[in-house]
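Next, two complexes with chain A in common: one pairs it with chain B, the other with chain C.
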Partner chain A sequence: MISPSIFVFAPLASAALFTALMVVRSRNVIHAGYWLLPCLLAVAGLFGSLEAHFFVVVQILIYAGAILILILFALMLTRDVMDPKQRQTTKFAPLAVPLCIFVGLGGALMMARAPWPAIQAAAPGPAEQTKALGLGLIGDYALPFEVASLILLAALIGAICLAKAEKEPAAPEPVIDLRGEIELEESVSAGAADGH
Partner chain B sequence: MTANLTHYLALSAALFGIGLYGVLARRNAIAVLMGIELMLNAANINFLAFWRFLAPNSVEPQVYVLVVLTVAAAEAAVGLAVVLNVYRSFGTVNLDEIARLKG
Partner chain C sequence: MVIQNYSLGPIDLASIIPYVAMGTILGFILLIVPFVIWFERVVIALMQDRLGPNRVGPRGLLQTIADGVKLFFKEDLEPAAVDRSLYYMAPVLALIPALAAGAALPFASISLRMADGSVKSLPLVAGNVNIGILFILALSSLQVYGIVLAGWASNNKYSLLGGLRSSAQMISYELPMSLAILTGILMSGSLNLVDVVNSQAGSILDWNFFKLNPATGFFFPLGLIAGMIYLVAMVAETNRAPFDLPEAESELIAGFHTEYSSMKFAMFFMGEYASMLVVSGIATALWFGGWHAPFDFVLWNWIPGGIWFLAKLTFFIGVYVWLRATLPRLRYDALMNIGWKRLLPLSIVVLFAVATVDAFFFTKDTPAAISAPATPPSGTLTPMAAPGGGQ
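Let's turn to the complex of A and B:
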């Protein structure tokens, strides 16, 4: 019945919230991309405080490893169009602020007022948990597993088709290597001379 | 002092709100995608908090988190491919300048 300690939760939670704010508030999108890294790592730490060991690793590998790299690459490929000095928000931003405060704080207050039961039981250890998840994925939850793999395959093909250049560059003119031809002719004539 | 389910749910709601701001207010399409990632992370915290506090012996919440992660990866790949395509044909990734549907 071990609840996660508040002394683990509080620093991780404040780090996650602060870095998330920096992600959406940074004027420079490259900085926003880099702020996303500590945010995702703090979320991985929160998963750790919940004893979801497998998902700590998955979060670091997939989010901090793969998705973040993809985002940073896209930022670098489109870097020249986004000057940090120009406006970074749409004209709806003043409307979005109260809406998001309402959703965030309202949701948080609503969650805080609901009577949640105390922690039920100790979590299984890392090995048992991961084993149960793996058995679940090929047993009771095979359908979501297969659907997820289908989604990944579709995304793979779709991303390749979308990112491919629409117009193929004009094929370069075939370069005729004259030296090769001359050597060929010479060898042919030499062969002809030998034959005679 | 222990953190209970309320703390995690409140944190997740706040993180979701921040991500929503990123989605609604940012001009750069890639920054919008980053906001979506924050919202998906908030959902994952929610799933895992419910798993830990209410049903630690069930596998189902973890399967949900795995599916969310898969969808997040697919969304990032396809979304960024679309953004690169938009950048190629419009020369910008600012969402309020991309208003043409055809031609």
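Let's turn to the complex of A and C:
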């Protein structure tokens, strides 16, 4: 039996899969980043077809609106990104293919064997959903929520430590730092003045 | 002012209101932009003791329409080294989110007398969604793509710098803006913009910006601070002076739209003004009482709510213009300092203060829901909490 929701699910799911494929197929790393945008929006659409309105908005707000922008920002700051000749390397493809097949089959098996609960009632309205989610985050799921935030904090501190540690050796800066350049210029001009 | 709910078979006045609102908001944003540009040029000219546009039409009113026609017929240049698909997508992505965000913006309310004689107050909004404010926030967070995309696809150093600046700036100011909006949501107790506006009914003292009515909520300095944070972040989010670093013409030629000409340039222009109108609309609805009159006074209440909304919107557009004529452009490190070291901590503190006041003095929830957080109806919670835990 085919339920009518398949006509919503199928286009969204195939769009998500196609764009995800394009993310890994694109030779241009910025294009790959931009293919992620329709992919994330298609996933937001899937949330919408499940009537999880809050997740639709959060998916767009956090993933499409903030995280992807940060990814693109980091990509644009990398070197040689404007160079079209640079190629993506796929030298680990022989290793990745069996791994992907294994993970895919394992996931499919798990999903096939999982006892999916039947839908008991119509989904609650967005306001009730949001409320239930908020109460769940400070009630039943407080511990996982706090652990996740702790992990994120650790990642944040780690990133700061890495960025600080990189500054110390006198390596050429890959990022244009205007203040550094101004200081350099000032020291050069001061040196020239001393020479006179 | 109550209007009879006329009906033609299954179609009655109440059921076509969303479509009317959709047409109104879309038409308003698209048609008002030339006049907003005219307003800006004339006001800045007056502030700088010049005449401004005064040749085309009465008081130069048709100048921007003439400019639009000119842009429409200009040659559509495409530089040789651009990334074609992204180059053409960027202006579209700059305009569409701004127009789409208008869909959840309630701008007036209309009273209808139903068939059974009861009077029903209906908001004029295209999509009265329960999480309207988050919807607008999500769409306005997509706005940055148009600019970043344009900056990168143009394959031009100045454009790229403009795009980079814009993405850093919009990420930085989105945080204080979201926290300020969250503060406003907390004060009103709803994510639905119509409920937010209705919670501010009454006089100017009930608006979230002031909110010093001891009966319904007393957040006086807190609401003011959060509202000011929102107003600053809103100017930064729309890349307007004094935060217009992405297109700083003295350093970057024209920033992200250096390589754009003709209608593609006009679409960036339209997108900027449309998003100005939308964020001003949110400011009106969230902080300044939406369509409610400033004083609960008979003569003022006779003025339709839409007029009040329009008046407040015009005030914010005026503030935009005033800022542009007054303040010089910020230096980049000053911009980042204001965003991360001033606005963000301040908005977090205000959010917590409002939450504390709200929890101890003005609890809007039923006590049962507050005292029993651990026992929500499990049948409704578990299926939807699972994807949240999985993320």
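Methods note: the second predicted complex is superposed on the first by the 124 of 196 C-alpha atoms of A that agree within 3 Å, B and C clash if a C-alpha of one lies under 4 Å from a C-alpha of the other, contacts with A are read in each partner's own complex, and residues count from 1 in each chain.
To be clear about the criterion, contacts are C-beta pairs under 8 Å (C-beta built on N, C-alpha and C of every residue); 3 or more make two chains touch, one makes a residue touch a chain.
Just so we're clear, the structure is a prediction, and the values are computed from it rather than from any experiment.
Student: Based on the superposed arrangement, let me know which partner A:Ala132 touches: chain B (first), chain C (second), both, or neither?
Tutor: So A:Ala132 meets both chain B and chain C here.
Student: Counting residues of chain A touched by each partner, does chain B or chain C come out ahead?
Tutor: B
Student: Where does A:Met76 make contact in the superposed view: on chain B (first), on chain C (second), on both, or on neither?
Tutor: Second partner only.
Student: So, does A:Leu46 touch the first partner chain B, the second partner chain C, both, or neither?
Tutor: first
Student: In the superposed arrangement, which partner chain does A:Ile60 touch: chain B (first), chain C (second), both, or neither?
Tutor: second
Student: Go through the superposed model and pick first if A:Leu37 touches only chain B, second if only chain C, both, or neither.
Tutor: second
Student: If you lay the two complexes on top of each other, which residues of chain A touch chain B in one and chain C in the other?
Tutor: Shared contact residues on chain A: 47, 50, 52, 54-55, 58, 66, 70, 73, 77, 82, 117, 119-121, 123-124, 129, 132-133, 135-137, 140-141, 144.
Student: Taking the touch rule as given, give the residues of chain C at its contact with chain A in the complex, in rising order.
Tutor: 83, 86, 129-131, 134-135, 137-139, 141-142, 144-145, 148-149, 152, 155, 160, 163-164, 167-168, 170-171, 174, 190-192, 332-333, 369, 373-374, 376, 379-385, 387-389
Student: Provide the residue numbers of chain A that touch chain B in the complex, in ascending order.
Tutor: Listed in rising order, the residues are 3-10, 13, 16-17, 20-21, 23-24, 29, 32-33, 36, 39-40, 43, 46-47, 49-52, 54-55, 58-59, 62-63, 66-67, 70-71, 73-75, 77-78, 81-82, 87-93, 95-97, 99-101, 103-112, 114, 116-124, 129, 132-133, 135-137, 140-141, 144-145, 147-149, 151-152, 154-156, 158-160, 162-163, 165-166.
Student: Spell out the residues on chain A that touch chain C in their complex, using ranges where they run on.
Tutor: 28, 30-31, 34, 37, 47, 50, 52-55, 57-58, 60-61, 64-66, 69-70, 72-73, 76-77, 82, 117, 119-121, 123-133, 135-141, 144, 178-179
Student: What residues of chain B sit close enough to touch chain A in their complex?
Tutor: Of all residues in chain B, those touching chain A are 1-22, 24-28, 30-31, 33-35, 37-38, 41, 44-45, 48-49, 51-57, 59-60, 62-63, 65-67, 69-78, 80-85, 87-89, 91-96.
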